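Look at the two complexes coming up: subunit A is in both, with subunit B in one and subunit C in the other.
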Partner chain A sequence: MIDSTVVDLSRLQFAATAMYHFLFVPLTLGLSWLLVVMETAYVMSGKEIYRDMTKFWGKLYGINFALGVTTGITMEFQFGTNWAYYSHYVGDIFGAPLAIEGLMAFFLESTMVGLFFFGWQRLSKAGHLAVTVLMALGTNLSAVLILIANGWMQDPVGSTFNPVTMRMELVDFAALVFNPVAQSKFVHTVAAGYVTGSLFVLGISSWYLLKGLHVEFARRSFRIAAAFGLAGCLSVIVLGDESGYAVSESQKSKLAAIEAMWETEAAPAGFNLLAWPNEERQANDWEIRIPYVLGLIATRSVSETLPGIKEIRAANRQRIESGVQAVLALEALRQNPADAAAKASFAKHQQDMGYGMLVKRYSPDLAQATPAMLDQAAHDSVPRVAPLFWTFRLMVLLGFAMLLLVGLAFWYSVKNSFQQKTWLLRWALWFIPMPWIAIQSGWFVAEYGRQPWTVFGMLPTHLSASSLSAASLWGSIAGFVGFYTLLLVAEMYLMFKYARLGPAALQPAAAPANA
Partner chain B sequence: MLFDYLTLKLIWWLLVGVLLIGFAIMDGHDMGVGTLLPILGRDDTDRRVMINTVAPHWDGNQVWFITAGGAIFAAWPFVYATAFSGMYWALLLVLFALFFRPVGFEYRSKLPNPAWRSAWDWGLFAGSAVPALVFGVAFGNLFQGVPFHLDETMRSFYTGSFWALLNPFALLCGVVSLSLLALQGATFLAHRTEGELQARARGAGTVLAVLLLAAFSAAGVWVGRLDGFVIQSIADVGGALNPLMKEVVRQPGAWFANYQKYPLLWAVPALAYAGGLLALACLRAGKTLVAFIGSSVACLAVILTAGVALFPFVLPSSTLPKASLTAWDATSSYVTLNVMLYVALIFTPIVIAYTGWAYRVMAGKVTRDYIVANDKALY
Partner chain C sequence: MSAQDVSSARPRRGLSAFLARHRLACHLAVVLLLKIILLRVLWLNYVAPYRVAVDEQRMAQQLTGSTKQPIREVHHDRFDGR
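Moving on to the complex of A and B:
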């Protein structure tokens, strides 16, 4: 019997460490290209101010990068330490992009980052720029491969079950790599990183301008960040829409929950701008609705219908019943591989096996499962609506607010009057945290919205965890909280200190410092 | 499409070995530097010299470790799942220790405060020495079998404790790995520093080489007295297998079976001695680059010695020997091994090429004057 406490604690630990890791990743993604832009300006114009900009923002990049690396190792360990059955069941497919990430992307990024910091005197101008470009390329390639892995969890393509090894195995590598869900996720995610990097540079530059410090330096940084941020913001929103379209194809339960759409309605469905979802009644207590919009966004047609939560649960109930037959047939085949009836039954129901496995949460022995348990499994096959509904709206709202900010910042930098617009500079300063809030919300929607699955339609979360004790989990969670808090305090301290110092941080202290 | 499944299984055993050896040689030398940091660094400038010999490279080197983990996930998912979840606290100990490396390197010299710097120096020491020790301890436990079993859905259950991993034989293996990586660090420091620090590094390296050879010999004698694992019968090793499709028995001295069957393999442990002795001799003679090469050869041969003894076992089970994970039945599918082989064949040479280039760009001695002159730009 699987201990539900262990599963819950494993989820908590994974969610917390993943979200923590993703505090640092987006800034790395965005700053890496901003460094490329600044250094290109240096190489092309020969103006030293651009080199100082590259070095200074590079310093902040380094402070952030160190924690990205630190917390990334946790992610790699954790599939094995805490999600051992997941690792066994889908490692044949999921392990490949992770290993390729190391070999193809992370090596490149990590080797070049050393030369980026220490190679200024030893490389030619163009040579150092090439190093910076390769570093940014490695960082972004890394994101491609991680999102291919995550995209496969959202929409598991190109794989088949092998009864000998009792796991899913890869049959089509190209399908894994070119999974449309992964592609749109990748661009959406890295572009969100570009926005993060841009707002970081934009906000800190605004602070310098408000204080009248390092003005020339800040003006140039502001301009670059505004342009890059605008491009990033537009990509996030366009590709967010693309992601929505991909989700509507692969995970109708997630889409219905995000939209608090309980009933199937005639196409094209309306979009709930705001609503108060009520799980017990399976209805919204109230809603503000825009007709047609959801159907158009999600299906890009006026005639395709989107199933509501009630319809999805009913359909899943049937798949669950069929899936139970698949699991029972597989068990019979293990006892007697020659059992012809079991073979036929397995072939017939194999497609639904993951749905049958959902029932193991309520009855480890599926032969004992009652109809009430199947009903419960069907009900739980759609995630809770309210958390998804609200975090999604928070993400979108922040996305458009940031678009407005970078749009105005870009407009006034073209008109060359942003320096006088103190309201804009203040807005930029206070908006530094917003990309992070939007990004964390986005990941919450992606991952919580996939529940009750780790691999959608294939492997229930409940079965994926390692056979550990709750005490071990409490211990490791305490360890992570302790170490991560310590590291975050150190990081934030240095980040604030160096951001305040500004480009002065690059020069050796002329007199004894702090005298 | 060139290889059959059996050949791919063999190649992947070798490739995982290559990654572990790459880790020991590359990440090994910066872990060695970290381990020696409080021992050889007499003042802050000394310690900065040591840290800056590896500053441009430690991050890339650490990816050998990350990639070895990823490759085990992709090529041996059974091993990745069972070992990482079973030895939960050992893995977390390594992980928590590793936390201190990236931040230790990057943050240490960002503030002049001596307490801040000293705290990160100890962090760098722990982040280097603890993993170096635990890797050997892990290998030591492989030779004794690890208490786990699999149920019929291939879910693994670990029934041992963390403290049982710290048994005398495993700790001896820990001494082997710690002295091996510390020797890597000492020879590297000897090559990249000068003056008093270099002399201290040479002295430390001499002691470490002797310690390594002694511990390696003792572990070798001890292994001969352990109960090894032998596959009695197994289904077709060229096909898809799960670990329960075989019978395994334990026999005293069976870990030498491969060496007895193919006496040429004795060349592998002999090479470990040769590498260690070469490092020793060249450290004394002041030929520091050759000493580093000798130490690297020792890394390669020590790991290979253990791998050959265990082969085809990867993770033997002490409580249900037939559930032991081997290179035949713990692997990924044919398709995955095949695809990943091509990826490895294309990218490993590229990685080695640009890593070599990075070392060439940063070649030369790191001196105290260089640290003082570049106070703000260096670690």
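Moving on to the complex of A and C:
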């Protein structure tokens, strides 16, 4: 039997490392474009203060970039070490964008990071600005390629299963790259990064203003962050809506769980603003509903129905039955490739094969699977509702709260009176961690919401993990968490140190490395 | 002029001259070498022994689960060739 402890621990390890990694990434994404804005202001106006701003925020960017790289590299290895079956099954497809990311985007980014820090004396003003732009492009290109890989796991387009090699093979590279799910994830995620960068700069600048430190420097940084943050927040919300639409097209089970929608209702479906989902009863204990809203947002139509969880499970039950036939036919074909009946059966049921594999959690031999096992597998085919329902609402709530903050910050920047609004400055300071909370919630929604699949509809999570021992997994989890916590402490220490120093950190005595 | 002065003024030759001229390159080469050795040691001790051999046969066994060879997810399927 498959050892579910090993699968759960492998998931825990991946989730933990990914969550640590994604503490660093969004700030890198956001700060990179803020640096471009600041340096452009320097090149256009020739004012030294903008160069100092670019250098100072660039220093914080550098610290963050280094830790992001350190935590990111290990994740790529985990596919091989912890997810060997997954890697065999889909590595030819999933590996392509990852390899392009490493060889193209990451190399571009890291080369430009070097030139950014050490090129101030050696490059012309315009040349250095070009480096900063390329650095930001490299960072964003990295994100697009990683999200193409993740988008394919959410919606595996452009590929087909080869029963001889027992792998998925890529048949349409353009479909992989232009996968609408990947594109909507990319724009939503980078916009989340821009919000993070903006709130970081806004919060630290507010702290300087509250303390009366580096006032001119902080005022200009505040203004730029407010404008960039407003654009970022508006984008993240509009593009979040786009992500929701993409999910409604490709993963109805995720959407139904996010919305705690147990029953299918007449179009356009109502939106549960708040509810108390009860998994056992398959109903909400109570709910506050806004009529029509979900249907309109998720389908962009008044007539399209959205299936509820019960209907999705019933439909999946049928797909599971058909999928079991596919797996049995595949097994027969592997014994005797000339078996015509098996060939016909496989061709008929192939598109449901992944669903058949869901039953392997309960019965290693699918020929022996009982109806109760099939029912259980159908039940598993929709993720648990409450965790998704609440994390999604947390993300959305924070999105609107941050929009209000940057909206006001922008308004008072235009009116040139933000310095007097100490409540706004305090709010900005306390809101520095909020984008991170929203982002971690977002990733939880995306990844937990995809369960029980690693590749949606194709490969169940419990068949993807390597056959490691629980002891070695506990060991590596402890190692990763311990080491990454140290890195996080180091990052926080350096960030606090340089943020406290402010632009004084640019003086050689404060920073001998001039980095 | 003392003997010491004479020797320090004399242009150095061979390896020491080369090392003096390319100090940075030498430092980088040493660091790179140490890094490679460290990574190799880590790999041999912590990664290679845990390699999971997956081929189409094992994948078929994992996905279709032949009745003759039920998959048991314990230590047996470790690849221990180094």
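Heads up, the rule we're going with is that the second predicted complex is superposed on the first by the 508 of 515 C-alpha atoms of A that agree within 3 Å, B and C clash if a C-alpha of one lies under 4 Å from a C-alpha of the other, contacts with A are read in each partner's own complex, and residues count from 1 in each chain.
Here is the rule we go by: a contact is a pair of C-beta atoms (placed from the backbone, for glycine too) under 8 Å apart; a residue touches a chain by one contact, two chains touch by 3 or more.
This is a predicted model, so every value here is computed, not measured.
Partners subunit B and subunit C, once the complexes are superposed on subunit A, run into each other and clash.
With both structures placed on the common chain, the touch criterion links A:T305 to neither subunit B nor subunit C. Of the two partner chains placed by superposition, subunit B and subunit C are both touched by A:R334. Legend: residue contacts after superposition of the two complexes on their common chain; A:L506 is shown touching subunit B, with no touch to subunit C. Once the two complexes are overlaid on the shared chain, A:Q351 sits clear of subunit B and of subunit C alike.
In the superposition on chain A, contact of A:P364 is made with subunit C only, not with subunit B.
Judged by the touch definition given at the top, the superposed model places A:T264 against neither subunit B nor subunit C. Using the contact criterion defined above for the overlaid structures, shared-chain residue A:L103 touches subunit B, although it does not reach subunit C. Of the two partner chains placed by the overlay, subunit B and subunit C both lie in contact with A:S87. Ranking subunit B and subunit C by residues of subunit A touched puts B first.
Of the two partner chains, neither subunit B nor subunit C is touched by A:N278. It is stretch 181-189 of subunit B, out of 73-81, 109-117, 181-189 or 307-315, that runs into subunit C when the two complexes are superposed.
Within subunit A, the residues touching subunit B in one complex and subunit C in the other are 77, 81, 84-85, 87-88, 164-167, 334, 466-468, 472. Only residues 1-3, 6, 77, 81, 84-85, 87-89, 164-167, 327-328, 330-331, 334, 357, 360, 364-367, 463, 466-469, 472 of subunit A touch subunit C when the two sit together in their complex. Residue ranges of subunit A in contact with subunit B, taken from their complex: 62-63, 65-67, 69-70, 72-74, 76-77, 79-82, 84-85, 87-88, 91-96, 98-104, 106-108, 110-115, 117-120, 122-123, 162, 164-167, 169-171, 173, 334, 466-468, 472, 475-476, 479, 483, 487, 490-491, 494, 497-498, 505-508, 513.
The touching residues of subunit C, when paired with subunit A in their complex, are 47, 50, 52, 54-56, 58-60, 62-67, 70-78. The residues of subunit B lying in touch with subunit A in their complex are 55-60, 62-63, 66-67, 69-71, 73-75, 77-78, 80-85, 88-89, 91-92, 95-96, 98-99, 101-103, 105-107, 110-112, 152-158, 240-242, 332-333, 335-336, 339-340, 343-344, 347-348, 351, 354-355, 358, 361-362, 375-378.
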